[in-house]
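Labels for the chains are A, B and C, by order of writing; each one numbers its residues from 1.
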Amino acid sequence: MVPATSTRTEAAREPVREEATDVVGLGRRRAAAFVAPALVLIVVFLVFPALWTLYLGVTDYRLTGLAATHPHFTGVRNYTDVLADGRFHNSLWLTLEFVGGSAVLGQTVLGFSVAWVMRERPAAVRRTVEALVLLAWILPGSVVAFLWLALLDRDGGTLNAMLGTPGTAWLLDHPMACIVVFNVWRGTAFSMMLYTAALGNVPPSHLETAKLAGASTWQTLRDAVLPKIRGHALTSLLLVSLWTFNDFTPFLITAGGPENRSEVMSAYVYRTALGEGRLGFGAAISLVMLLVNLLIAFAYLRALRRRRA
Amino acid sequence: MRTALRRIAATTFVSLVLAFFALPMLWLASAPFDANPKIQVSLPGFTLDNFRVLLDDPYALRSLENSVILAAGTAAIVVVFAALAAYALSRVRLPGRDVLLYLLLLLSSIITGTAAMVPIFLLATQLHLVDSHLGVVLVLSGGLLPTAIFLLKDFTDATPASYEEAARVFGASPLQTLRHVVVPVIRPGLAMVGIWTVAQVWGDFLMPFLLLRDPDKAPASVIMYTFYTEGGQPDLALISTFSLLYSVPVVLMYLLVSRRYGFRFHGGIKR
Amino acid sequence: MDISGRLERSRPHPHLDSRFHSRLTAALAFLLVGAAVSSCGGGSSSTDPQRNAKARSVTLTIARNAIVGGKNDAEASWITKTVIPGFVAAEKAQGLRVKVVYHGYGVDDEAYKTKTALDLKSKAGADIVSLDGIWVGEFAQAGYIKPLTDVVGARADSWDGWGQISSSVQQLGSFQGKRYGIPPSTDGRVLFYNKKLFAQAGLPTNWQPKSWDEILAAGRALKRLPGVTPLQFNAGTAMGEATTTQGVLPLLAGAGAEIYANGKWAGGGAAMKQVLGFYQQLYGPNGLGDKKLQEEAKGRDKSFEEFANNKIGVLLEGVYLWRAVLNPKDGIAKMADRDQSVGYALIPAVAPGKGVKGQSFVSVSGGAIATINPHTKYPQQAFDLLAYLNRPDVVKARIAGNPEVTSRNDVNADALKDDPFLTYVAQKVLPITLFRPGLAAYTQVSTALQEATAGIVAGHGPDDAAGRYTKALEGIVGGSGNVDAH
């Protein structure tokens, strides 16, 4: 996207977007100094407690009771328990549905579509739409939960009133569909912003050329737009997947129910760690979640490398 | 013909999007003004009483101030530190930076989860950070920084270094270059990371709740949960009203930032 | 964006690299070790009950899950407006300068419990801490709280208030025979019924069922009324602890079993199957209850609303329903004609004499306790404040305008005499009530009980659900040796 500006012949062969060498004369020492403040905070308040948490994962540590003062080292016991727990399988599967449906498909498609359509709308329309979409993103989770309960309520819900389906218990009959749609509503803003920016970076001349050549919208997207925004798309996918995977807000709407039918991973951890005080077990689940996240990240990175090839 | 169809399709799409995003917010527009609200949207028996009750509440307004302190503090640290780090990481290849960045990104999901609360709490106790706003700010910053760096590095990677080279030729120091050349270019990115940070802090309940003892220091996310009865039933009149008050500052911030900094990802430089 | 990070490329300054690396590693190791070491020691924990007993200037902090303007507002206001000024003045009269700080919270029980546990674990937090009675055992086992005599000495046992608190209520704040704190109040569970609906269905408005069959018979009569849910007993996981306390445990007691007795937990034996069988009558095919209400995240709130709107015939609930939900003055689901239209009855055993300890009627109670932080700087002064909180006149001030069943018999006899319902609870319910076991495993057992009832709501049979429950229970409490499966 950016022409390689380095004079080094070695760097010239590098793919674009990789300012590999130090053209601005920062120097490693100064670069380290630039990174240091963030790194210190991250090491102290993130890496350290995270490693500690991972250590708790091999103990039977609890918040209260005998195991709170004298936790025992239990090796991989928590992990074998997690992997054997039917609730974990259920929850992992639901989470993958949740991520796939709401983040990968929903937010990405809707976010891109809004960004694409808004390019040619009048400023007033564009601003209104963007403001509303962003509002859904920045409102606090606890507020948002009430909004959706009021929308989907069995008796007086706005949705039932509009569809003329009084008494339909959406949250009980279709809990997963509800939280998927909810999360599309909640998180589309990020994808929308990212794609708006990415589309702004597509040279207008490319679109002009496509138009002159009589290409359909679909062809334009595929041939002129997609190659240009692929890097952005992967960033967006990676982040929204991670966020959605760890998102706790669905719990505020369905409480994981009915019958654990919407108990995504974050709700599962919450119940074991905070509800039952089983911190060792909860820590083990966290690591398993991290590994699943890692797999997702790897999948995206492979896709990214294929783009480079 | 084709353009007409296209326009109709686009208008329909825009209306649907508007409806989809606006519909759930109706409750926030109606319930606070209702004397006896339910979990449903209804035309309110108009009253401002709910607001009056909250104005008299000893914690409600102060909690909004506290939220502003926490959010602004965290956003300042996150934006500045992340910008510095992202810039350096983008322009100089430190060993293993990409692997490290990914690992940190993944680890941050552990920290934001509930399982890490004991380590974080005991750490804060040792550092004498319990019951202080600074403690909450630092803990939250640590968790948010990797994502912020990741986002901003993506931005800086996407901007050409040629201007910085030019600045260097004219003898600007790296900090000057960052301040006067890079920051203006990635400003939309900084604005976006800032807003993201504020939204995260604004909604976070668990950390401020655990780390702060004095209710006078509690942010709005914590006070929001006080409007329940002893049995856990919500006082909908106060909750809806407080929700509205609680939401207004972030909306104002968004409007302000988007007006001043053009809250977008635009690369900024025409090429 | 490149995790593979082409590391094989030649580096301009290899020596700087490795130095940076090793420095980073060293710093990290230092931090880890440092924090790990310091987290082991820490806290100057004097255990002398007489420490600082002669201090002339003292600051004490009270913490509980009650906040002015929010959750439990009345209690928080009582502390800030009555207790603190009163106590400070009383101490001043004795030449002591005391400052009392109140830390009020307003959150879910789980969140409050977590926060309190963390505070106590770090040997910090308020001097007087309020806990739910069912947490006493697990907090004691974790060493977060200590018996009152260990913290303040012998005067804890000679406190004159104990004589006014019946021994069953004292259980709330006790663990393994030792007193850990003072319970300020308690409650009980009864069957609430709607007299208007009973009249329409041709049932007596002065109702007291003597067996489960009589409850079901009333339910069948109520079912003929359109739009009415005849019987609603909490079930399922969405209601959380309400399902256990307001559903399973009273029924289990009625079937003759206690959830924890003689060192064993009650498994899916005959009594549990009876309980689940009763649930099947409510939430099975053609049941007498509304099963969707048991699945919804806000189901309990809705059950309150529906009861207040004359849509539920019989609801098993705590005193709380009467006092804070239906209260025509400031309830959350006000019922203007509560005193005329709402009846209450004891929960019968499955059949007369078949309940726990041969009882014909049963109930389950709970409540909070106030205890002293073992790491308080001023144990003696903290106990003075704790005793002040439970002085008869101060307790009366607490329940003025917000009557509830206190732990003190003298206060109840005097202050509740104009309140027929609370007098009924104090006199008829408390003598037959049970308390939940305050052991760490209880919360998980409670979840397993909720899941068993959720299984019935989802259409499983009682035998099936009981079998699953036994299996889950054995996993929780460490094997079948700790389970009584009969």
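Basically, contacts are C-beta pairs under 8 Å (C-beta built on N, C-alpha and C of every residue); 3 or more make two chains touch, one makes a residue touch a chain.
Given the structure is predicted, the values throughout are model-derived calculations rather than measurements.
**Q** Given the contact rule stated at the top, which pair of chains has the most C-beta pairs in contact?
**A** A-B
**Q** Could you pull out the chain whose C-alpha mean position is farthest off from that of subunit B?
**A** C
**Q** Whole-Å distance, subunit B centre to subunit C centre, using C-alpha means?
**A** Here the centre of subunit C sits 35 Å away from the centre of subunit B.
**Q** List the centre-to-centre spacing of subunit A and subunit B in whole Å, with centres computed as mean CA coordinates.
**A** 15
**Q** Can you list every residue of subunit A that touches 2 or more other chains, as numbers and ranges?
**A** In subunit A, the residues touching two or more other chains are 17-18, 20, 28, 32, 39, 44, 47-48, 63, 149, 231, 235, 274, 297.
**Q** Using the touch rule from the top of the page, what residues of subunit B touch 2 or more other chains?
**A** Within subunit B, residues 38-39, 94, 102, 117-118, 123, 154, 157, 225, 234 contact more than one other chain.
**Q** Among all residues of subunit C, which ones touch two or more of the remaining chains?
**A** Residue numbers touching two or more other chains: 1-4, 17, 20, 35, 111, 114, 118, 121, 298.
**Q** Given the complex with subunit C, which residues does subunit B contribute to the contact?
**A** 38-39, 56-60, 94-99, 102, 117-118, 121-123, 125-126, 130, 154, 157, 206, 209-210, 213-215, 222-223, 225-235, 238
**Q** If you look only at subunit B, which of its residues touch subunit A in the complex?
**A** Counting only subunit B, the residues touching subunit A are 10, 13-14, 17-18, 20-28, 31, 38-42, 77, 80-82, 84-85, 87-94, 102, 104-120, 123, 138-139, 141-143, 145-147, 149-151, 154, 157-162, 164-165, 167-168, 174, 177, 188, 192, 195-196, 198-199, 202-203, 205, 220-221, 224-225, 234, 239-240, 243, 246-247, 250-251, 254-255, 263-267, 271.
**Q** Would you pull the subunit A residues touching subunit B in the complex into a rising list?
**A** So the residues of subunit A touching subunit B come out as 1-3, 5, 17-28, 30-32, 34-35, 37-39, 41-42, 44-50, 52-54, 56, 61, 63, 110, 113-114, 117, 120-121, 125, 128-129, 131-144, 146-151, 153, 155-159, 161, 185, 190, 193-194, 196-198, 200-201, 203, 231-232, 235, 239, 242, 245-246, 266, 269-270, 273-274, 279, 282-283, 285-287, 289-290, 293-294, 297.
**Q** Provide the residue numbers of subunit C that touch subunit A in the complex, in ascending order.
**A** Touching subunit A: residues 1-4, 9, 12-13, 16-17, 20, 24, 27-28, 31-32, 35, 110-111, 113-114, 117-118, 121, 135, 137-139, 141-144, 236-238, 292, 295-298, 439-441, 443-444, 447, 454, 457-458 of subunit C.
**Q** In the complex formed with subunit C, which residues of subunit A make contact?
**A** Going by the criterion above, the answer is residues 17-18, 20, 28-29, 32, 39, 43-44, 47-48, 51, 62-69, 149, 154, 169, 171-172, 231, 234-235, 253-260, 271, 274-278, 297-298, 301, 304-305.
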